[in-house]
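One chain, chain A, appears in both complexes that follow, with chain B as partner in the first and chain C in the second.
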Partner chain A sequence: MKQNNNNSFNITFYLLIVPVLIWLVFMIVIPHAEMLISSFLVEDDEGEMIFSFANYIEFFTQKIYWLTFVKTAAYSIGVTLLAFIIAFPIAFYLSKVTSKKNAGFLMLLLLIPLWVGELVTVYGWIVLLGDNGVINHFLINIGIINEPITMLYTNFSMVVGLLYMSMLFMVIPVMSTLQSLDDSLIEAACDLGATKWDIFTKIIIPYSMPGITSGAIIVFMLVIGDYLAPNLLGGKNSLWFTEQIYNSFLQTFNWNEGAAFGFLLLMLSSGIIWLALKLSGQKLDKVGT
Partner chain B sequence: MSKILEIKNLSKHFDDFTAVNNVNFSVEEGGFFSILGSSGCGKTTLLRIIAGFQQESEGDVIIHGQSMKGIPPEKRPVNIVFQNLALFPMMNVRENVAFGLKRQKLNKATINSKVNEMLERVGLNGFENKKVTDLSGGQRQRVAIARSLVMNPSILLLDEPLGALDRKLREHMKVELKLLQKEIGTTFVYITHDQSEALVMSDKVAVMHNGQFEQIDTPRNLYKNPKTSFVAGFVGDTNRFELRSKETDSITTKGGWTLQKSNLNSSAEVLYMRPEAFILNPDNQLNDVDQFEVTIKTILFDGSNTKLSTTVNASDEELLISLPQNAQFDGIVEGHRLNIGIHRDDIKCF
Partner chain C sequence: MIRSLPSSSLYRISYVVYVFLFFTFLLMPLVAISVLAFNDSNFISLPWNGFTFDWFFSSTNERQGLFADEELITSIVTSLSTGFFVAALSTLIGTLAALLFEEEQFRLKGLLYFLALAPLVIPGVILGISILLTATSAGNHIEDNFGLDVELLRPSYWLVILGQFSFAATYVMLLVSARLKKFDRTLEEAALSLKATRLEAIWYVTIPFLRPAILGAFVVAFILSFSNINTTIFLIGSDPTLPIDLYSRIRFSSTPVLNAVSFLIVVVISGLAFINFFANRSNK
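Let's turn to the complex of A and B:
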């Protein structure tokens, strides 16, 4: 009888794990292995594929590639910081200041951009930020400026687009950690002579660090791997590394180089997250709890 | 001894509800003052007003002869131990205790020696670098008390700090807290709904009911000479009977049980008799003792707290009587008749 129970448990267990395994193996492990192998192959003079580091050497010798690479990393970190600065007060307001009912309604408003999809919101920003767009039109009409300000197709518009699509992913984890912050902790700190600044830096921020970390990881990953916003809002001067990968694959049809670039991006984002976790003293297993 | 805390005509109104209603009291320096009341009686509101977390509607809080009007919590010479302790979970024991001192911008060496001294005092030396989430309930308790005491407050406010502990630990902490208070001499204002905590630890206890103080007295007086019907019924176990009629030297309960009692208050409606006030098999020669016969229904065994559930033969009313656990009363069994007596002073009428 007991044996039977164990067996049926095992069968259920395997049935449940199979979809996950299929997904892991076929969608993640095999494609990445394929990419890794392909990134070390180049075509020789006879059209044969041979093993070589040429794709990676190409990256380090062509200035444009690693400049884009560094720029992408720096901007992604910057956007993550901005997302935190904007999202934290929102999360604090939603979880600590306003009533539960209001918070639910405001949360719904925040979610709406996600429902319409990134492409639509990006075009929305084009309508807003263009030279003949809503914002310039408004500013000229009320007489603040005479000539339209160029906002679209700059780094500024790209950052705005990236922030807009990723910010919510900072708000939600920070909000959920703040919700578990007992108000009496703030009162206790106050009672022990802490100023508002002390309470913010010594109590609220450290307490919500797990939420901030998981929010930062999600935002950073979304931003560094995004293609639409840099491509449509950033214009010619705002090259994003994903665009280099796209160009390798679909413009020059050098799939091996594209694979190498893809891997470099993966290494870069993992490396930065590892470094950030080390620096902030957070552990990956504690994040989001 | 001088008065360290004075509360004058203090009231707190919420929209259509008065949480604290014209409360007056004072606490002497070095005293252990408890406010005892059931939940919702306004005691937490009162404590939060003293700490400065809530604003009084009327009246004044005076500490060291100085009005606390408009002074924020961080500037008041009081510290509070919260009901849920409110330890900072991201800090270890040392950082928790040092938090307040660091805010005063003291130098490192002073902070360290003060923290070490305090941790020693509450018996937590060796735990400095433990996370507060890894401590047991009693240890967390001590961290919270140390964190407040290290600030050297004039008054330490404690908001039911033992509420979350299990019974055994609570009994232990009660004694420990009392000894700690004696040793360091800081004035404690302690609020609780647990009368045993209040009676064991305090020098003075105020019984609070519906936002008002019913009686402020020593634990012994509170128990022996309750001034109001509420206090008599709330503090300690008691037998309560409503009165049907009063004569000049006797009273009769609703069930028809007549007791000898003189000097009655004319408005008296109920009488209270404590289970342990009854004398089992009293001597007939005793003065001022009413004697009756009861029938034992059940024995409610609870160690030193064992009681007899009986019916009074004269009126069929139920009566709880303490049963001392000694050889003299070993023979008592259910169904027996028993002679009991009660001294007239132990019959309290209101």
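Let's turn to the complex of A and C:
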């Protein structure tokens, strides 16, 4: 009987692990190994693929490539900071200020743009920000301006689009850590004469740090890997590194160069995420929840 | 500052104004496209020229409404069926992964769990290109050695499904795991001591407990698939999904039919969200 039971445990274990292994090995491990290998291959004069660092050398010697890389990293960090500044008061409002019932409804409004999808919302911003767009029309009609302001196809519109699609991912984790913050801590601080600023910097921010880290990591990852907002809302000068990858793959068909760019982007994003986790002492599995 | 504490009215009012502005910012693009979907004009934005259903139903040469545009309808159908397969596949594998990581102990568990979470922090573009590279070189290999042309290994409908599945399964796993953490393990032990096999215990006890989370995860996976573009754009073959079709229209030929499609998506999504919201509320 005991033996039989052990067998059935083993069967269950293999039924669970085999499909999961197939997923992880064939869809995650092998593709990334393949990408790394491809990035070290170039075609020689006879059309044979040979090992070479040429794709990486190309990246470091062509100013446009590494400049885009640095710009993408800097903008992504900037957008993450902005997302924190804009989203934190909202997360605080939803978890601590307004009633539960209101919070539920506002939460729903917050989620709708996410479910609608990035493409539709990016398109919405094109309609709003264009020279003949809704906002310029409105401003001209009420007489604030005479000529339309150029907003679309600039760094400004790109940042608006990036913020819009990523902000929510800062609100939710911060909100869920704040929900577990005991109100009496704030009340006690207030009774003892702490100012709002003291309460904010000494209680609320330290307490919500795990949520802020999770939010920052997700926002950063989404922004640095985004393609639509820089491509559709950004101008000629707002080149994003993902667009370089896209061009290598689908326009110049230099897949090996594209693989090298992809690997560099992966290193950049995981490097910064690793740093954020180390600095805050968090684990990756906390980010997911 | 918080509900239980008094604060100055200036503070309270400015806070409410900020929240109001934030939600205006949030809803502005959705409201704008929804209203302009009914604008009797050939341009995507203002001025307002009067109300029309042309961008839904008209089928003249000048104005191709949404329901008269076969290309658009085809891409919507493609997206729906892709979403269904992605949701089914990732719900299955994601649920298995949740059971595996929550209930089993084995060597290299930490490493496997890390890999399962990796799609959360890998940009979608990279998943797209790495799967494209792998599928293409595997396809070339098979063609050179066996003379077979495997459609799955070229940019195609099925490769898109595999690509979207690769990250959707992670989200399913997280959603199901969250519910599994609340599961009272003694129920499973009771079933085992009543001579159920491990499989029977999972099937008759654990899975019914997980059902709401599994259903929710299916919907999430469907939505992830339906709106995905970063990964899909590299894997797409000859049948574009809706986001890919809309993307090329936005870049090359914007007409208000884009407003109509967007309006439809906004209405369907908000409708589902509100139904879900009020159903949950009345359950409580």
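Convention: the second predicted complex is superposed on the first by the 259 of 289 C-alpha atoms of A that agree within 3 Å, B and C clash if a C-alpha of one lies under 4 Å from a C-alpha of the other, contacts with A are read in each partner's own complex, and residues count from 1 in each chain.
What we mean here is this: contacts are C-beta pairs under 8 Å (C-beta built on N, C-alpha and C of every residue); 3 or more make two chains touch, one makes a residue touch a chain.
Being a predicted model, the structure only gives us computed values, none of them experimental.
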So, after the overlay on chain A, do chain B and chain C clash or fit? They fit
Considering only the touch criterion stated at the top, classify A:Y93 as touching first (chain B), second (chain C), both, or neither.
second
Considering only touches as defined above, state whether A:D182 meets chain B (first), chain C (second), both or neither.
first
Tell me which partner A:Y207 touches in the superposition: chain B (first), chain C (second), both or neither.
first
To make sure I follow: the centres are taken over C-alpha atoms, the vertex is chain A, the ends are chain B and chain C. What is that angle to the nearest 10 degrees?
90
Please name the chain, chain B or chain C, that touches the greater number of residues in chain A.
C
Taking the superposition on A as described, I'd like to know which of chain B and chain C A:L192 touches: first, second, both or neither.
first
Would you check which partner chain A:G271 touches, where first means chain B only, second means chain C only, and both and neither mean what they say?
neither
After overlaying the two complexes, what is the shortest C-alpha distance between chain B and chain C, in Å?
7
Chain C-contacting residues of chain A that also contact chain B
187, 190
So in the complex, which bits of chain A are touching chain B?
182, 184-185, 187-195, 198, 202-203, 206-207, 209
Per the touch rule, the chain A residues reaching chain C in their complex are 5, 8-9, 11-13, 15-17, 19-21, 23-24, 27-32, 34-35, 38, 86, 89-90, 93, 96-97, 99, 104-106, 108-113, 115-128, 130, 132-134, 137, 164, 183, 186-187, 190, 196, 199, 217-218, 221, 224-228, 232, 242, 245-246, 249-250, 255, 258-259, 262, 265-266, 269-270, 273, 284-285, 287-289
Could you list, by residue number, the parts of chain C that touch chain A in their complex?
1-5, 15, 18-19, 22-23, 25-30, 32-33, 36, 43-47, 92-93, 96-97, 99-100, 104, 106, 112-127, 129-134, 137, 162, 165-166, 169-170, 174, 178, 197-199, 202, 223, 226-227, 229-230, 233-234, 243, 246-247, 250-251, 254, 258-259, 262, 265-266, 269-270, 272-274, 277, 281
Chain B residues within the chain A interface of the complex
51, 53, 72-74, 79-80, 82-84, 86, 88-91, 99-100, 103-104, 147-148, 151
